[in-house]
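Worksheet for the structure shown next.
Going in written order, the chains are labelled A, B and C, and every chain counts its residues from 1.
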Amino acid sequence: MLATWLQALVSGLAIGGVYALIALSFSITFTTTKTLNFSQGEFIGVGAFLGVAVLYLLSGQDEGAALAPGASAGFNYPLAAIAVGAAVGVIGILLFITAVRPFAGKPGMSWVMSTIGFGIILQSIGLAIWGPAPVNLPSPFGDDVIRIAGAGVRPQEILVLVVAIVLMIGLDLLLRRTRMGKAMRAVANNPSVAALMGINVSAVMIGAFALSSALAGIGGLLVAPIASASIFMGLGIALKAFSGAIVGGLDNPRGCIFGGFALGLLEASVALWQAQWREIVIFLLIILVLAIRPQGLFGARTLDKV
Amino acid sequence: MAMLEVRDIDLAYGPIRAVTGVSIRVEQGEVVAIVGANGAGKSTLLKSIAGLLPLSGGSIHFEDADISTLPAHRRVGAGIALSPEGRQVFPDQTVRDNLELGAWSRRLNVGDLAAAVEQKYTLFPRLRERQGQMAMTLSGGEQQMLAIARALMGAPRLLLLDEPSLGLAPLVIRDIFLTIRKLRAAGMTVLLVEQMANLALGIADRAYVLETGRVTLSGTGAELLQHPQVRAAYLGH
Amino acid sequence: MRHVLAACIIAALAAGLVAVTANEFYLRILFSACVYLLCALGMNVLLGYAGQKSLGQAGLFGAGAYSVALLTTSLDMNPWLALVLAVAISAVFGVLIAAPSLRVRGPALAMVTLAFGIVVEKVVTEASDVFGGAMGIYAIKPLTIGGVPLSMAQWVWLGIALCLGIHLLLRNLLTGRFGRAFLSLQADEIAAGAVGVPVLRFKVLAFVIAAATCGLAGALVAQQNQYINSDFITFNLSIFILLVVLFGGSGSLVGPLLGAVTLTLLSAVLARWSWIERFANGALLLFALYAMPKGLAGVLSGVFGKIAGPKAAAEIRPPADVPLPTRPAIVVDGPLLQADDVCKSYGGVRPAHNIGARLMPGDIHALIGPNGAGKSTLINMLSGVVRADAGRIAFLGADLKHATMHAICHRGIARTFQNLRLFRELSVLDNVLLGQHARMSNGFLSSLFGLPRARREEARARQRAGAILDFLGLSHLAEAPAGSLAYGLQRRVELARALATEPRLLLLDEPAAGLNPQETAELGDLLLRVRAQGITILLVEHHMDLVMRISDHVIVLDYGEKISEGTPALVQSDPRVMAAYLGTDVEEMAPASSHAVAGLA
């Protein structure tokens, strides 16, 4: 019994780490631009497949066969992560320029639909290149289950958790300690006053989208060895991450991280009871939270100026 | 040539004409005030000088250069800093961080940045006591000091102050205005927008009266203090 | 009538096409077009009129499909009855999906609707003992006539008939009181509330309409196929329904038809290459958003329609001396509105502190004070935009404490806004007719079926709106989009809209802001004429000339407190007022002391 709970805890924390990372990625663009990418899920899927492609390249394997278990070993996986982060970051800049900037700040929230449109295009290109079938992305530490106090834990779960935490601490430090981070928060708080400080506001916004998209891509690469990587896998992850962000408060990065982890743990514990109900329970819960506190648990209440 | 020359500018918010055909001039070392009732277009004028609002007509010249189309984030580097209406400090950042952001365009190294911050603490000792606090926890008067100090961090040659008295208690207002006087004595050029006419005219070398987006009167501060039309501009004829 | 005729001709042509087509494949494409058109007709109400983005319509489609499946298989219900019930069940789901919209807005709401669609998808996939999962439910009873299942051609005829019927019903609804109310939600919820539209109720109604047509479409698909499984209910379906409306022209009556036909045909052509179909849908979505915000319908009306008539003369005609429509006169003993000890604070700011005011019937009251004195806050509290923290506001003796914005409007308080909150895309006349919203009594059903009552009310509202436009000298601009007018005229249109609610008390928040001196003078004359009609006025204003000329009574606020009140002359000479406005000289202030330092804290 204890072992089952422990196992649920670890996998909840691991998947929660991914949710937290993606939730944070929503928060980064939302605070700086008041928009977010509704096709973050497609970015996750594309990130995973780009990672697979890079690993094929690095391990010198033929595209025909499945990736060998050792393909991710050594520096291959971190190199793939860097490459994916950079590539998806560039896609994010493209997204900002084509689908967000033309519609941001205008009435009607057309950016919701334009980012979805961008995502559909991205996904269709992914389908054309990689096809709809899921692929196997081996974990850099192998797939042998480690036994901890009777609970079976996959090395990738530990890796996901560690990487997610390291990235989040890094981002938190970036946002709170560095001049760049302070400038980003200034833009988030009040773009025109930020401009008065001499901050190039549109450059910061582009940077926010690049960073947010890079996180989504890396999230895809992290989660792919746990769930099988398919081009469609991102939608559910992104949706749950967004739910986490809403629970924590979209405008509060630390709240988003909390929300992501909370959701992961909740999902894992619901899965102990009835695996197929986990999504349903989670979304119903989100609707409940929103009904009681529309701004999220840690979000700031906004006032409309009349 | 004057340090700042605003030539015949028009400003609008969408369809709303806010300022029409306004020309003003600020000489090196002067304190110039723009006074007028609510909604006369004073803040709008100041925003356009800081680059936050595009011109619909006319031009703005600063130290012999036409800055009419220079984006806001590059005007700080050019030597113009604005302390905006309503303070608008970054509420979730500390006093020190707010100040450091003010120097963003100067790209100072750590030592110079600390020295610049230290200098502002000397001007506003109150801020030193509060340096680690979030700006939102400051009182209105302290926030106003922070906003002015933050603008000064950009090392401007022209300081724009928008309604520094807004919503403050009289004694605090007094302190702020004494500080403005100190800045002037140190050689700073100041363009001040202020609803409290008597206060502003009391410290200004020269002033302009704005009514519904037009300059209706100008002269030295002392002249305007006595002028009946100033009172009428506020309370009706 | 021409519209009805045209719609019937198109339907008849489509029906004729069915009669001469024997090819089952083509019939199936036509049936699909009908199905998507049904979805789009309701979605157009939600997205195009009410302006709410739903990314979860597939969930409602699923609700209809699975309802009909379970009702006819597990309960062995009559297929026609099951179809009707399925629509009703979907409508209930519509309320469910609308519920979060009562609290959340913006991106979070869009995401909640998306999540709803996914939940339904998951439920029908995972709960396979009830819904059959990917295996699906077989042997769904098809619709029958005299015990004989419909032929493919008959299915298409049914689809066409349903589309025609629903189109005509929704047209009745959307061209009158309800359509305007939906459009007002899209444009500006606060302004909608202020003219008496119950915002939440109308939002839910729009969701329910969209849910019902989507549910109907789903039920038809299930019955026609006699089979349904979880593959039908996907996120892509939700997006496709959205795309049909956007591409066809959201907010246009013909848009859904154009969108459904073109996109169904395109899908049929591209269906062989799944990624290209997907790519095309994404690209069309982006293209529609960029290049044709009004969709195909907008493009066509640009080509065939009149190329926008000559710009209406942008001046005010001499106003006619007609009486304004007003509520029956009542005798008020004492003040019309009385506020006592009203307080409001936001965090550390306290824009209202123990404010009291008595507004006497038939007077023009002015509320003045320096920036940030709390004037707009008071107007906002009186009109229900914000709630007072403490104190009592009584209008005609009744407490307004818990009244919503639209209820306050119903009781006879109207307002304008400092920064203009017109429905900019709507015509001047529609803006004024929206003001009449709360004065009209035709309900949902009489509007939907175009019953005489609805027509009578509409005619009466138009006649009253006409009188108001005459009164303000705006009649010649009735058809111009409100947002296209010069600023001064827009201010006047907002006044017309407020007057159309037939108020007893009119609250004006800086009505002269942005007006030139001549317009300001004309406004003064106008407000005196409004007063002469028996309407009490409270205005916040900075143009002192205007205030001093027309007011009977002036209230002065500073730092959220009332510092003076009385006749204009009295207030003008009050030293406290002068100090509040002009301040005092630095030298005259108290010398620096320990107090000064304490004052900073």
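What to note about this one:
Keep in mind that, in the parts below, a contact is a pair of C-beta atoms (placed from the backbone, for glycine too) under 8 Å apart; a residue touches a chain by one contact, two chains touch by 3 or more.
The structure presented is a predicted model; accordingly, all values stated were derived computationally and were not measured.
Simply put, of B-C and A-C, more C-beta pairs touch at A-C.
Distance from per-chain Cα centroids to the pooled protein Cα centroid is smallest for C.
In terms of their C-alpha centroids, the spacing between chain A and chain B amounts to 43 Å.
Averaging Cα coordinates per chain places chain B and chain C 41 Å apart. In this assembly, the C-alpha centroid of chain A lies 35 Å from the C-alpha centroid of chain C. Contact residues on chain B toward chain C in their complex (touch as defined above): 15-18, 37-39, 126, 139-142, 163, 165-167, 169-175, 177-178, 181, 195-199, 202-203, 212, 225, 230-231, 234-237. Residues 50-52, 71-74, 76-77, 81-82, 84, 88, 90-93, 97, 100-102, 104-106, 150-151, 154 of chain B are the ones that touch chain A when the two sit in their complex.
The touching residues of chain C, counted against chain B in their complex, run 348-349, 370-372, 486-487, 490, 510, 513-514, 516-517, 542-545, 547-548, 559, 572, 577-578, 581-587, 589-590, 592, 595-596, 599-601. Chain A makes touch with chain C in their complex at residues 30, 35-36, 38, 98-99, 102-103, 108-110, 112-114, 116-125, 127-128, 132, 235-236, 239, 242-243, 246, 250, 276-277, 279-280, 283-284, 286-287, 290-291, 294, 303-304, 306. Within the complex, the chain C residues that touch chain A are 51, 53, 55, 99-100, 103-108, 110-112, 114-116, 118-119, 122-123, 126-127, 186, 190, 235, 239, 242, 246, 274-276, 278-279, 281-286, 289-290, 293, 346, 376, 380, 385-386, 417-418.
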